[in-house]
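Two complexes are shown next, each including subunit A; its partner changes from subunit B in the first to subunit C in the second.
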Partner chain A sequence: MITAANVTKHFGEVTAVNDISVTIRSGEVFGLIGTNGAGKSTFLRMASGVLKPDSGKILMDEQPVYENPSVKADIFYIPDDQYFLPNATPRDMAGFYQDYYASFDSVRFDEMLGNFQLKPDRRIHTFSKGMKKQLSVLLGICANTKYLFCDETFDGLDPVMRQAVKSIFAGELSERDFTPVIASHNLRELEDICDYVGILHQGGILMQKDLEEMKLNIHNVQCVFQNAEEEKTALGLLELVKAEKRGSLNNITVRGSEKEIMEKINTFSPVFAEIVPLTLEEIFISETEVVGYDIKKLIF
Partner chain B sequence: MILIDHKDRRPIYEQIIERFQQMILCGAMQPNASMPSVRSLAMELSLNPNTIQRAYQELERAGYIYTIKGKGSFVSDTAAAAAHKRQEIQREMQVTVDKALLSGITAEELPEILTACIQNSSVLINRGSMKGELT
Partner chain C sequence: MISKNLFFKLIKQDLKRRIWCPILIFVACFLSLEVRMLMSMEEFVRYPNRHSYSLTLYIREYFFGREALIMSIVVCMAAFLCGLSGYAYLHSKVQIDLYHSLPVSRARFFWARYVSGVMQFCIPFVLNVMICTGIAAGRKVVTAETVLAIISFIGIQMTIFVLAYSVAVIAAGLTGNMIIGILGTGVLFSYSAVLGLLKYLMAARFYDTYKVYENRGNFIFDSSIWNFSPLSMIIKFFSSPTNTTMAEAQKFFTYDTSYVGVLLIAAVLYSLAAYLIFMKRASEAAGKPIAFRIAEPVIKTMVVLPFSFLSGFFFCAMSSRSDADTWFVFGVIFGFTVLCILMEIIYRLSLRGALMHKKQFLFNAVCTALVFVVFRYDVTGYDTYVPADSQLQSCAVSISDLIPLGQEIRVNEFGMHYLSPGEYRMANMELQGNPSVMELARKAAKEQLAFRYFDYYEGIEESPEYMETLERQDNYRWIDFGYKLSNGKTLYRTYVIDIADPDTLRLLSEIFEDYNYKLASTPLFNDSWNLTFDAVRCESNFRSEDITLTPQMQSELIGVYQKEYMKLTLDTIINTPPVGSVDFLFRDKNEEMLYTSYSGKMYVYPQFTETLALIKEYGIDMQERLNAEDVAVIRVKKQNLYSNSYYHRVYYGTYERRNEMYTSVENDAVEYTDQEQIQEILDNIVSDSFIWMARGYADYYDERYLVTIQFEKSDLMYSYATHCFLKGQLPAFIQSEKNL
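Up next is the complex of A and B:
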């Protein structure tokens, strides 16, 4: 389990991460999503012990991470800009990581390279961006660490590779003690694989929740009421995130379960009412909009 | 065997539950047939094993499958589940019938509509064409 408590990090004038507290449970997939510059990468760099938090604590299985080799042996971090030794081949990199990760599985690595059709003796600097990402994932899986941090790793992979990598993750999750933390902008993709999601914005955490729970607790409702008075009372009862009106049609985003919301609305016998759950992408947009990250401000 | 519709807004585990329920109730999966293992289904669909586990737990709770420790999950005898599903469908049809009567359709017209629905059912049409291919 990873617990971050009141973690803050400044770079000069800039506060990259501001008082974040997160719990990442073992054996679950944690999805880290956030606006650009929200502090996702900084958080992962602190969690993997590359950076030291200015204040607050990050504990991995109760142990501090920073400058703690025995804990760091359980973490594999795939940064967004991956580093490979100059002129190295995949085989060289496997040798390099073997020195640091005692349980690195080189037999499996060779086998997976073959499956992914990556040549073990080709120089990595001749690889495409996506092939480098594939290689990093394979190295990360074969390092057999308990924690695997992926910083936008999925975003550079083609659709077939993304399915393949998710499938590999699914296998690892059901076979061993494996806890991936995935930062990504591809929310559609995260919906498949994450148990738990944290939304970051401007250095702070907006919400962290079980993904299904998150999805079952915010809905989009389109409804028409019989008259303005009933509409006002009905909307007053609901926990509105956002409300728009076109003609007599209300388009509202509401917190709460489908049952709760519809029970409230139906007491007013609306002319029309339809409810749909939000996708993760829509949740992300509506949650960041509430704190002022509004698409309308960007395009008008 | 299971197809996930990513445009469907319901949680993925609900889709898995529904699909297995359909297959079990229509007899595509016979009682005591073994369910795919959580691991293999998770890998096949590239989904989180916890999601599959959740769907299986729900199916077990609703009596569609049973689990033998160390052996996996199996399809239950589904007479009770089928009766339950029948009630659920009847409730849904009741809602539609009420809606129809409220929209000015008369009680006499309703059987006609039902007959038309049965004739147009893609389930029956597909079944018919499958039989056609076999013969």
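Up next is the complex of A and C:
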């Protein structure tokens, strides 16, 4: 488990991370969402021991990360702009990491390179951006570390590769103690992989929630009532987060379980009522609007 | 689990990654060791007589000794290359993200890189030295002593490498950008040397009495400045110490072994400093100009101040009026402004930042102005300072141009160590109990006489001020003092004195006639030098001959000369032309150069009767005059004042009158063949070879006419020697000669 408590980091006069407290449970995929400059990368660099927090502490399984090689042996950090040794090939990079990560699985690495159609002896500098990202992920997976920090790793991957990487993650999660932390400014990329999500904005964390829990407790309903009076009464009974109306069709976001919501609506024998699945994006838009933020401005 | 051999893996990894580094170093070492050695050997084989020492000696003492300084330049370059390339990753955010996220402690990572850098130099360097040793062994010039010299050579070069390498690592750690890292390396490597240079330039410009005698005047490692920069240390280490005793001087070049320890300690301290900086350095400093913001104002001030003044000196050097303050002040202000703006741009990495930090700008401006005022107006009283008698242990004095010693005193058989007369006297003279010494020093410091320089223009001679100044300065002479204080320090001052002032001349005379002054004024009388000579050159007005003397005869000659020299008065020097000179010579092993003088000419005056008699006994009659019948023809030419003599007047005003450059007039020389006229000329001329050094205090030569004698027999020495008349002894027929 990763615990960050009141972590702050300044770069000169700029506060990159401001008093962040977050808990990342082992075995879950944690998504770190925020705009550019929100502090995602800084947080990941601190979590991986590259940067030292100005205040607060980051513990990994209750051990401090900074200048702690034994803890860092459990972390593999894939930065946004991964550095590869000059003129190195994928095989060279595997050799490089093998010196640091004792459990680096070079057999599996070769196998995965084949699966991803990456040539082991081709110079990395001739790779495309997407290929480099794939290679980074493969190196990270094969390092067999408990924690894998990915900073904007899914950017640049085509949908097929993204799906492939997601399935590798899923496989790793089911087979071993694996906790990926994925930072991105794109909610859509994370929604089908993350278990838990934290939103960062201007160095501070806005919220962190279990995605499933969030999905179970908030729903989008499209419904048409018999008359305006019934409509008004029905909506009054619901815990509305957001309500829109086009003609007679109500498009509402309601807090509560699906069963609970539908029971309340069906009491009024609506002409039409249907639960429509909410995207992660929509959930966060709704949630953050409640706490006073216009999430569209924050994320998109 | 991380491998226990991670440290070595890291070294191997770094070596593999930077393999170009040792390859480049190997090539550089190959060129500066093997190729240079082979070239030198070839020269020894082709021209064996060019050297006064054997190849074995050359390899041991020169190649792996004195010339090690050449290798040190290559070593420093290699150190910068290894240091900056090894820690260049600190300047790159993407590389920092990789290396600092790896499960390895920074300390281990630092030392692995550090050792790897050292190995990248050490392996190719030692390999090249071994090849060199093999080449030398092939020529059978390697002895046990050579092996020791080679081991010392490797040890010293490695120490220098670590020193320079650590500086580069420190610079890489202090900065976040490669260009600034390179600049920082340069500044750290040479900062104290720059301060030494600046101090020398400032003092030489603004203090009239400034004089450097220590370290052979090598301002790069001024002893009053903390020589923390490797450049000062290395130069000091390789500089031959001023050998003031014969025992020291007789040694071949040796390293200043007492300084090896300093180099070693410095190398260790610099390495530790590099480590501490590395550990304290934040990863986010990558890409920023400076890693520690707290150091920013300090660095700015430390760079802006000295380099502003150096800019002042640069503009002075460019200007034709190097003595004027105008261009100096302009240079300082210009340099200051440009540097301040440049530093801000470097720090901000943007032109917009150029005018930021006005407070610091103001602070630096005040500091610069303060330093200027302190030097320009001698706020510390440097020129007027004379130590109190109670502070003084002894005093050394060197009166310039009074005794015609050579400019350099040769002090060992290899011809590598030379001392100026001033250096010798400052090191060997300890005058005590002669009140005239300090009285003259105080008088000179109080009067603060100085040569005044004029900007020459056509017709300046018509200016009474100019002519009066030149007339007055005609009597100005230099005198150097070395105050040896009770606290162990020695301070040097040089003063201008006016010998037209009777009091000054009296004091000067009392100093010159001090037995200890004379004894310590030339190494000839220094028993501890225990010199023996190959020949003595006896030169008189009409003859110059080298005579070989036995050691007993040499001692006898020096003893008699010394006895009479001790009785020589300043009055005699001023009023009596010498009849000859003796010059003690070494025979060079090189056939092309027969002799090298070790002490310069020592004049023999008519009062030195015993010396003259002894030399006569050895076969040379210095007072011998020529007979007209030996001479075929005498040519007399009149000389004119050289048209540009103002240059000499202005810049060498000491001898404004007597140092005038004469050139032949366009007309031909007048030839005299009449026996009576020849005899009259011969009776009144003296050799002009004594004029040059006697000019300082003597005024008895009439240099308007140049006399050339052509002898009947061409094998006579000096068959075309030149002479001049003594003042007031110009024959009437020459004076009235219309063709002259």
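The definition used in the following text is that the second predicted complex is superposed on the first by the 218 of 300 C-alpha atoms of A that agree within 3 Å, B and C clash if a C-alpha of one lies under 4 Å from a C-alpha of the other, contacts with A are read in each partner's own complex, and residues count from 1 in each chain.
Keep this in mind: contacts are C-beta pairs under 8 Å (C-beta built on N, C-alpha and C of every residue); 3 or more make two chains touch, one makes a residue touch a chain.
Quick caveat, the model's predicted, so the values are computed rather than measured.
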>> Given the alignment on subunit A, is it a clash or a fit between subunit B and subunit C?
In response: fit
> Is A:245 in contact with subunit B, with subunit C, with both, or with neither (first, second, both, neither)?
Replying inline: neither
> Counting only touches as set out at the top, which of subunit B and subunit C does A:259 meet: first, second, both, neither?
Replying inline: neither
> Where does A:171 make contact in the superposed view: on subunit B (first), on subunit C (second), on both, or on neither?
Replying inline: first
> Where does A:11 make contact in the superposed view: on subunit B (first), on subunit C (second), on both, or on neither?
Replying inline: second
> Between subunit B (first) and subunit C (second), which does A:108 come into contact with in this model arrangement: first, second, both, or neither?
Replying inline: neither
>> Looking at A:129, would you say it contacts subunit B, subunit C, both, or neither? Reply first, second, both or neither.
In response: neither
>> Looking at A:25, would you say it contacts subunit B, subunit C, both, or neither? Reply first, second, both or neither.
In response: neither
>> Just to confirm the geometry: in the superposition, how small does the C-alpha gap between subunit B and subunit C get, in angstrom?
In response: 27
> Can you list the residues of subunit A that meet both subunit B and subunit C?
Replying inline: none
> Along subunit A, where are the residues that touch subunit C in the complex?
Replying inline: 11-12, 45, 48-52, 67, 69-73, 75-77, 79, 81-83, 85-86, 96, 99-102
>> Using the touch definition from the top, list the residues of subunit A that touch subunit B in their complex.
In response: 27-29, 163-164, 166-168, 170-171, 173-175, 188, 191-195, 212, 215-216, 276-279
> Where on subunit B is subunit A touching in the complex?
Replying inline: 4, 6, 9-13, 38-39, 42-44, 46-51, 54
>> Could you list, by residue number, the parts of subunit C that touch subunit A in their complex?
In response: 1-3, 6, 9-10, 13, 17, 92-98, 100-106, 108, 282-284, 293
